[in-house]
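Order as written gives the chain letters A, B, C and D; numbering starts at 1 within each chain.
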Amino acid sequence: MLEPPRLDAAVMAMVAAREFHDGAVVNLGIGLPLACADYIPEGREVILHSEHGLLGYGPLAQHPDEVDPYVFMVGNRPVRPRPGMVFLSHDESFAIVRGGHIDVTVLGGLQVDTGGNLANTHVPGKIAGNLGGAPDLATCAKRTVVLMYHTARDGSPKVVERCTLPLTAAACVNRIVTDVAVIDVTEGGLLLREVAPGWSAEAVQQVTGATLVIAEDLREVTIG
Amino acid sequence: MIDKVVATFDEAVADIASGARVHCGGFASPFNMPSYLIAALARLGADGLTVASTSAGTGMANAQQLREQLAPIVAWPMDYWDPGLLAELGRIKRLITTFPVSTGHARMWPFEAALERGEVELELIGQGSLAERIRCAKAGIAGFYTPVGPGTATAEGKEVRDFDGVPHVLERALHADFAIIRAWKADRYGNLVFRGARTFNETMAGAARVTIAEVDEVVPLGDLAPDAIHTPGVYVQRIVVRPAAPAQRWEDPC
Amino acid sequence: MIDKVVATFDEAVADIASGARVHCGGFASPFNMPSYLIAALARLGADGLTVASTSAGTGMANAQQLREQLAPIVAWPMDYWDPGLLAELGRIKRLITTFPVSTGHARMWPFEAALERGEVELELIGQGSLAERIRCAKAGIAGFYTPVGPGTATAEGKEVRDFDGVPHVLERALHADFAIIRAWKADRYGNLVFRGARTFNETMAGAARVTIAEVDEVVPLGDLAPDAIHTPGVYVQRIVVRPAAPAQRWEDPC
Amino acid sequence: MLEPPRLDAAVMAMVAAREFHDGAVVNLGIGLPLACADYIPEGREVILHSEHGLLGYGPLAQHPDEVDPYVFMVGNRPVRPRPGMVFLSHDESFAIVRGGHIDVTVLGGLQVDTGGNLANTHVPGKIAGNLGGAPDLATCAKRTVVLMYHTARDGSPKVVERCTLPLTAAACVNRIVTDVAVIDVTEGGLLLREVAPGWSAEAVQQVTGATLVIAEDLREVTIG
């Protein structure tokens, strides 16, 4: 049976970016989540936070003449300054995170499980993981969204009954956005809310390593 | 008269002994790393160091790769050296960090390779707890309870206690003998002004017995406005000025 | 669009209910007190408040005395109101402070008088622990161990534990429903710049569910340099601008 | 027997100010200690710290045209700005104190005892004490000097075997400077180092509520 097409990275980012309300303070993890910055819903002002002490930065610099050598986000990427931007220390930056002043964080994921546990730091094969700011963000943001491909390169599921990789943070994920579905972590289990066009709940369940509860109002993924 | 300016980088780090604990600032940009202090420490030859740093550092080969990769938009400086240089030279015994290994398709970092060879110790911790532990050293606090860590490897061997029904981990102050940091401007009192994200450079100032700041410029006392100073001089013991023309090799005295 | 500016002081404090916990900034100068917010809170009439403030405040009569005493060198502003006003009106149930009573030959402060009458509760704590407890509320830390307090009344009822042979007291985060603070300039994001010693005004921003800043001026977004902002707007929910001409009575709506 | 004259407040301040080495970071408590700012030994640069977030301030403002309404020290006293001055928050100000970055604090005292315990916040007759920043300063400064009159107004001793007033901080005092003596708190007890001109060790002991150990090199108080 041929699998329906999966959402591409840009659409996935748009789906995650729906979460950003006007005025939201948002932290985007390295990898897929970074693209969310390009899809902030129109008419909304969003404050982007970068762990090393940058708040309210603009889009990625595309040309040398846009580069201010002192305005980088994590990952050595120069970004454009933006009015209202603030520079901070690392400790103040994480006072913001730990203190619950981040409204939404979108993080990459290696595994998410039924308990909302997240593993996203320890790439198999590597001798150690890169924690970065993920433990603080996942634990303390008001809302934690994981944006990841639904399955690993070898086809194995990344939404699982119980994470087998080292945990970044326990019981922290609110929503999982993948290339085939939008799933909420609820007390009643993993709730399948939306599916990619052409995908059925059953098809999503087949590529998922945990039992999904199907939302009564299950619908197709929409953007905006 | 107070004058914390030291003539050379080699003089600034001369008393960092083998086995010392060193906090090293900077992160996420080639323009906020205390590169000349790292190079001087490499020249000094002190080894068996315990280093705290956001990242293990890319080392020389990877820095060259990043330089080429970013060339279309950023002129990555030639005089960029990070803790990876110290790892490459085998000077680090133990690293306390949040980013110990390379990501994506980058080649292995020097520390990572040493870790695989079993030559070094790693204490892995998230950025928020690392930052707060270092601030505690500056601020005279012995330890603090954070909600970050319970249920993960970070909490192993540490006290976990509930506050208002939420488990918290007891994290302890992380002191150092020396902190090496990078700032933009300084005055002779050691007051510092940074440019851009201040990273661990601001956090580490005052968290060590001796804080040494690498700066672009020393300005006359009074030129820095009292409400624009980020780090008060009481946290800083030594100031040293970056050369006007970038050094080409870390081996060159400076 | 983000715009945190509120039209009037009365509107800014309108949802402070009786029984609320309120952090109140300012100290040691008439020019850093959130006086109009205090006056508006007094007009609102909410009582049974738990207030945290460096000092209990002098109240109206003593402020007048200070005004006369300092007149030869400082024009003490007419529109100065401090937490003593709230104490005078019987609005404070419990005060967490470092300076509860008057000193020297000054007449008794309103809170002090209420304490003598047994009408109010006092939680006495040193300035350093008060500041850090409030920072913890901002920074999501549940508690911290400080060397300050063992062997004194401050440690009573609190855990005391040795770190490296030195006894430390466990102090806990001090959260509030509202923080009322005073700053100099703000933009519509709530970014703040202070003038002079920043006192608890900076410390309390972000330590409450709602932080309200009384400012001299709101400037266009982008006018405040990113390295000159003291308090990032993410800590601030409401901004309200002081009147151009000083009010003469706290009773007057503003 | 007629008592020899006692040192006046200015000389007491000078004696305490001898402690300020070049480059010292110093905090002066309210009351007698404030005057030390006027007697910093010549040729030494001293950084004065005020608890509410002022570092490196200058002398008290004497005329209205010297007053900057934003440069006050504790106690509602306007002071003159000074090059190198820094404004801080309360939490940063006490990070400086608690972190051991204050070299010397000079505090007033109601009682100091043999164990170096200090009571200086709770004036008898008042319903409560004013702690201010004294607990942090006394506990965490590298050196704590208490500057006080040797006896209370009623003649009772203030240097005592054991404090009876509520403690500001325990085992914190290094030196006591009074109007008749300089006494160090040592493991061997209260060591009388210097006496005011005309005062003998015996005369000092008579107005002291604790046993003094007499220094072998006991000498007359000198300034500078």
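Everything below uses one rule, namely that a residue touches a chain if its C-beta (ideal position, glycine included) is under 8 Å from a C-beta of that chain, and two chains touch if they have at least 3 such contacts.
Computed from a prediction, not measured in an experiment: that's the story for all the values here.
S.K.: Identify the chain pair with more contacting C-beta pairs: C-D or B-D.
M.R.: C-D
S.K.: Counting only Cα atoms for the centres, state how far subunit A is from subunit B in Å.
M.R.: From the centre of subunit A to the centre of subunit B is 28 Å.
S.K.: If you average the CA atoms of subunit A and of subunit D, how far apart do the two points sit, in angstrom?
M.R.: Taking the average C-alpha coordinate of subunit A and of subunit D, the gap between them is 56 Å.
S.K.: When the centre of a chain is set as the mean of its C-alpha atoms, what distance in Å lies between subunit B and subunit D?
M.R.: Centres of subunit B and subunit D (C-alpha means) sit 38 Å apart.
S.K.: Residues of subunit D that touch two or more other chains: which are they?
M.R.: Expected reply: 87-88, 94, 97-98, 140.
S.K.: Any chance you could list the residues of subunit B touching two or more other chains?
M.R.: 132, 135, 139-141, 146-147, 194-196, 227, 230
S.K.: So, with touch as defined above, which chain pairs make the list?
M.R.: A-B, A-C, B-C, B-D, C-D
S.K.: Residue numbers of subunit C touching subunit A in their complex, please.
M.R.: My answer: residues 1-2, 135, 137-141, 187-189, 191, 206, 221-222, 224, 226-227, 229, 232-235.
S.K.: Okay, in this complex, where on subunit A does subunit B touch?
M.R.: For subunit A paired with subunit B, touching residues are 30, 50-54, 61-64, 66-76, 78, 87-91, 93-94, 97-98, 117, 123, 126-136, 139-140, 166-171.
S.K.: Considering only the defined contacts, which subunit B positions touch subunit A in the complex?
M.R.: 27-32, 54, 66, 70, 72-75, 98-101, 103, 112, 115-116, 122, 124-129, 131-132, 134-135, 146-154, 194-203, 230
S.K.: Sort out for me which residues of subunit B touch subunit C in the complex.
M.R.: 132, 136, 139-147, 163-164, 166, 168, 172, 193-196, 227-228, 230
S.K.: In their shared complex, at which residues does subunit D touch subunit B?
M.R.: Those in contact with subunit B are residues 22-23, 25, 43, 45, 47, 49, 55-56, 81, 83-88, 92, 94-101, 140.
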